[in-house]
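As written, the chains take the letters A, B and C, and residue 1 is the first residue of each chain.
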Amino acid sequence: MTKTRAGNFFEDYRVGQVLRHAVPRTVTEGDRAVYTALYPTRFALASSDPFAQACGLLRSPIEEIAAFHVVFGKTVPDVSLNAIANLGYAEGRFLRPVYPGDTLTAESEVIGLRETSNRRSGVVWVRTVGRNQRGEAVLSYCRWVMVRKRDPEAAVAETVVPTLAGALAAADLVVPAGLHFTGYDFGLAGEPWRWGDYAVGEKIDHVDRVTVEEAEHMLATRLWQNTAKVHFDVTAREEGRRLIYGGHVISIARALSFNGLANAQVVAAINAGAHANPCHAGDTIGAWSAVLDKSETAAPGVGALRLRTVAAKAGTSAFALRDAAGKYLPGVLLDLDYWVLVPC
Amino acid sequence: MTKTRAGNFFEDYRVGQVLRHAVPRTVTEGDRAVYTALYPTRFALASSDPFAQACGLLRSPIEEIAAFHVVFGKTVPDVSLNAIANLGYAEGRFLRPVYPGDTLTAESEVIGLRETSNRRSGVVWVRTVGRNQRGEAVLSYCRWVMVRKRDPEAAVAETVVPTLAGALAAADLVVPAGLHFTGYDFGLAGEPWRWGDYAVGEKIDHVDRVTVEEAEHMLATRLWQNTAKVHFDVTAREEGRRLIYGGHVISIARALSFNGLANAQVVAAINAGAHANPCHAGDTIGAWSAVLDKSETAAPGVGALRLRTVAAKAGTSAFALRDAAGKYLPGVLLDLDYWVLVPC
Amino acid sequence: MTKTRAGNFFEDYRVGQVLRHAVPRTVTEGDRAVYTALYPTRFALASSDPFAQACGLLRSPIEEIAAFHVVFGKTVPDVSLNAIANLGYAEGRFLRPVYPGDTLTAESEVIGLRETSNRRSGVVWVRTVGRNQRGEAVLSYCRWVMVRKRDPEAAVAETVVPTLAGALAAADLVVPAGLHFTGYDFGLAGEPWRWGDYAVGEKIDHVDRVTVEEAEHMLATRLWQNTAKVHFDVTAREEGRRLIYGGHVISIARALSFNGLANAQVVAAINAGAHANPCHAGDTIGAWSAVLDKSETAAPGVGALRLRTVAAKAGTSAFALRDAAGKYLPGVLLDLDYWVLVPC
């Protein structure tokens, strides 16, 4: 009887199945410091306790994307250990701030299954919820991955393809309790641009770029206790190179977006996300964003912007995304569709 | 009069001599975060305050191996600055949990000395004790190293070879005060295996591997304020490569062992340890374990397993250890014999 | 209307102009841990709460140089985004300890301007003050940088060259309130040398060296939210290599100086500093110091030493600094003139 986990294969999943993930994780100021050292992040709300308190929060929260990584990392052993590809995200919502000292756990429900035509794998849809030590949901999202079958001949569950929102409506966004941007200090935040200054259709080239290193992406991925082999073991990959965790690119893109979006203080939702091409150490990554939609919220002084942020390797033209056939350009790494909260 | 330390040479030691090591170190949540980023560690007790509290502890302790590194690092300037080789460990015991906020100091007593036959060096045995800010011993261990002589002609102290236990008896293990594994949550911990599921003689291949980087082992070694030149300065080594601190490999092996030993929550003792071959950046490291012994303890629901965990480079067969002549295989990096506490 | 910052150009500055820098930053134990992992730092006051309390402080302060990096990082977007060279520092004073939990902000006043003769750039002098969450100044310093003009033809402000002190007088040093070195524990600190043991003119070779990595200097530079392109983006530099942030070399030199200056617990002032040559990953860095001056202070048991610490690449002779023409030797990276506080 082997004691090591081989992970789940496609034929192991059933719609409605609930996966309670290990290991609970207390998030601390230490994690924030490592995160700051890993990404050029500077959003004031996640950098300064007094700034966050002036915006109605208890103290400076952990960045939403960092909380997402913690929860995502827990799902890897149960959902994607035998994944061929991480296909997409939908209906991601940040429901409550995560503060240093909070302990996160995660649970996923299988909401869809479809075998691929060659019968060697199948697509698994899960809805994952992250909770704090009081059992309160702090974030939830859907993800679908292509997972290998242990045995191509194995019988599988009936096909269920869930209906997922293309994007969350502004009315479905959760503004953290107490958050307000009345009296917001634009000087301390770094840029003067407010909600009214952003127009739907506007595009922003974030200008800065960063060349990524092996040690960095492994530090990041381990910080979230995500132990997928492909990120750590050069012998595990045919090409002999470690594949960089897609979440590392999300964090880089979010941090680079400060230059032009410094007031996008809170990520409220992830509508969709695609890891368009693999990323490797040595790549130099830049980012651009487009404003897809905008909306007011009920919170004082708080507006919402729906953004597309694209991360791409140096050499890819700014604002370029797909080729004539509709395929992502080879230099495009990430295409992320999300909502942020900004001062009005 | 030079102000820099040249460290002690073999002829400087006397049996009974007490070395009070600099520098006291307050261990924090920051250290835990860096440790988590450096190793793929996921043991629930050292990851989550509520999990640790449910097991009877005040909060989540710093991993025992991390506390060991802090204490070990302090001994380097006085014990091993002029070491040729770190020969072994014995009678290592973890006596009390180390919590964030505790401040550690270290003291060593010379317990043995034996000049080598060529008179150019000698073996020094020390017993080191690490203490917290209240003066309570948190860990102790014996270590012996081969240390250069300043002057081959120098007179040395009489040979004393200490008698050290080959392994600690289960009865000598210290279970942290209050620790119990009644009501232990195997789901949150990540694996269902309890004390009764492990058999003496059983072997576990931990499957996962990690390719190590220069930046990582230097970050780790500095975190413990271990400033032995060989780990940092390429010009200090004939082969022009930095030698990776043996403790970095111990932490990698312990973290990799999660896969099959997720419930080995506490390291209670180190019986013996050998750094079998040097480790360098670029090496891809895996690990396997064997169960050497098992015992009950007086604490509720707490059992003890004596394990051998071996770290080896990729390409070394699983469970392979020595050649026909009894010599460690060239790919074997670490052979560690230790006791862990697991739920019954 | 572009939303990204192009930074200020020389013609944008006016003497008397006040630049209020973004983003406030709460400094924590996490930052200390990352700092410790990045540098081989071991000064007892910044390592141990009980040691700091025995010296009259509230707890262990963040290292002065780390606080300097936080403040410096904030000035980059407003002062040196279009800099050609960082020319010098003067009148740097540490005015109050920074403790974990403090939030730092920064403000600079333009105190000098001089166009270069080719009219393509100019030298900008600023005096920067860092403050904590109570508005108390924690440090201040002058810096001058050569900044590009947007348009060589643009009119510029009248030339003003400020008069700056070559070195702070000992009487101008601020000793942290409550600090005393009566009852100082030299054993725990790591060396027996006190103020009286250091002679003006004395030189110390710090012996240890460290080979630096790309991941390390980028982690360091981001930790201070310093996002100057040249440190991160290989495509931003003609030579295709990332330039290491000069502050990284300052921290390495300060940490290496422990070996011979372990009791230099507090940096009280920076009189002058030159980044003599560029530093790149792969360089192996050592350091030496000379005692330039010494003075008593009014605080019990606290003396002051004025030091020159020089960081140089391996292969540069110890204590070598300039060639016959007075130019820094090509291996010299840093020439730092500063005051430290040591026990009498």
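Heads up, the rule we're going with is that a residue touches a chain if its C-beta (ideal position, glycine included) is under 8 Å from a C-beta of that chain, and two chains touch if they have at least 3 such contacts.
Quantities reported herein were computed from a predicted structural model and do not represent experimental measurements.
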Neighbours of chain B that also touch chain A are C
Chain A on chain C, rotation in degrees - Cα superposition, rounded to nearest 5: 120
When the centre of a chain is set as the mean of its C-alpha atoms, what distance in Å lies between chain B and chain C? 36
Which residues does chain C have that touch at least 2 chains other than itself? 28-31, 33-34, 213-215, 219
In the complex formed with chain A, which residues of chain C make contact? 2-5, 20, 22-26, 28-31, 33-34, 77, 101, 103, 105, 133, 213-215, 218-220, 222-223, 225, 227, 229, 232-236, 242
Residue numbers of chain B touching chain A in their complex, please. 28-34, 36-44, 47-51, 60, 187-191, 193, 197, 204-211, 213-216, 219, 259-262, 284, 314
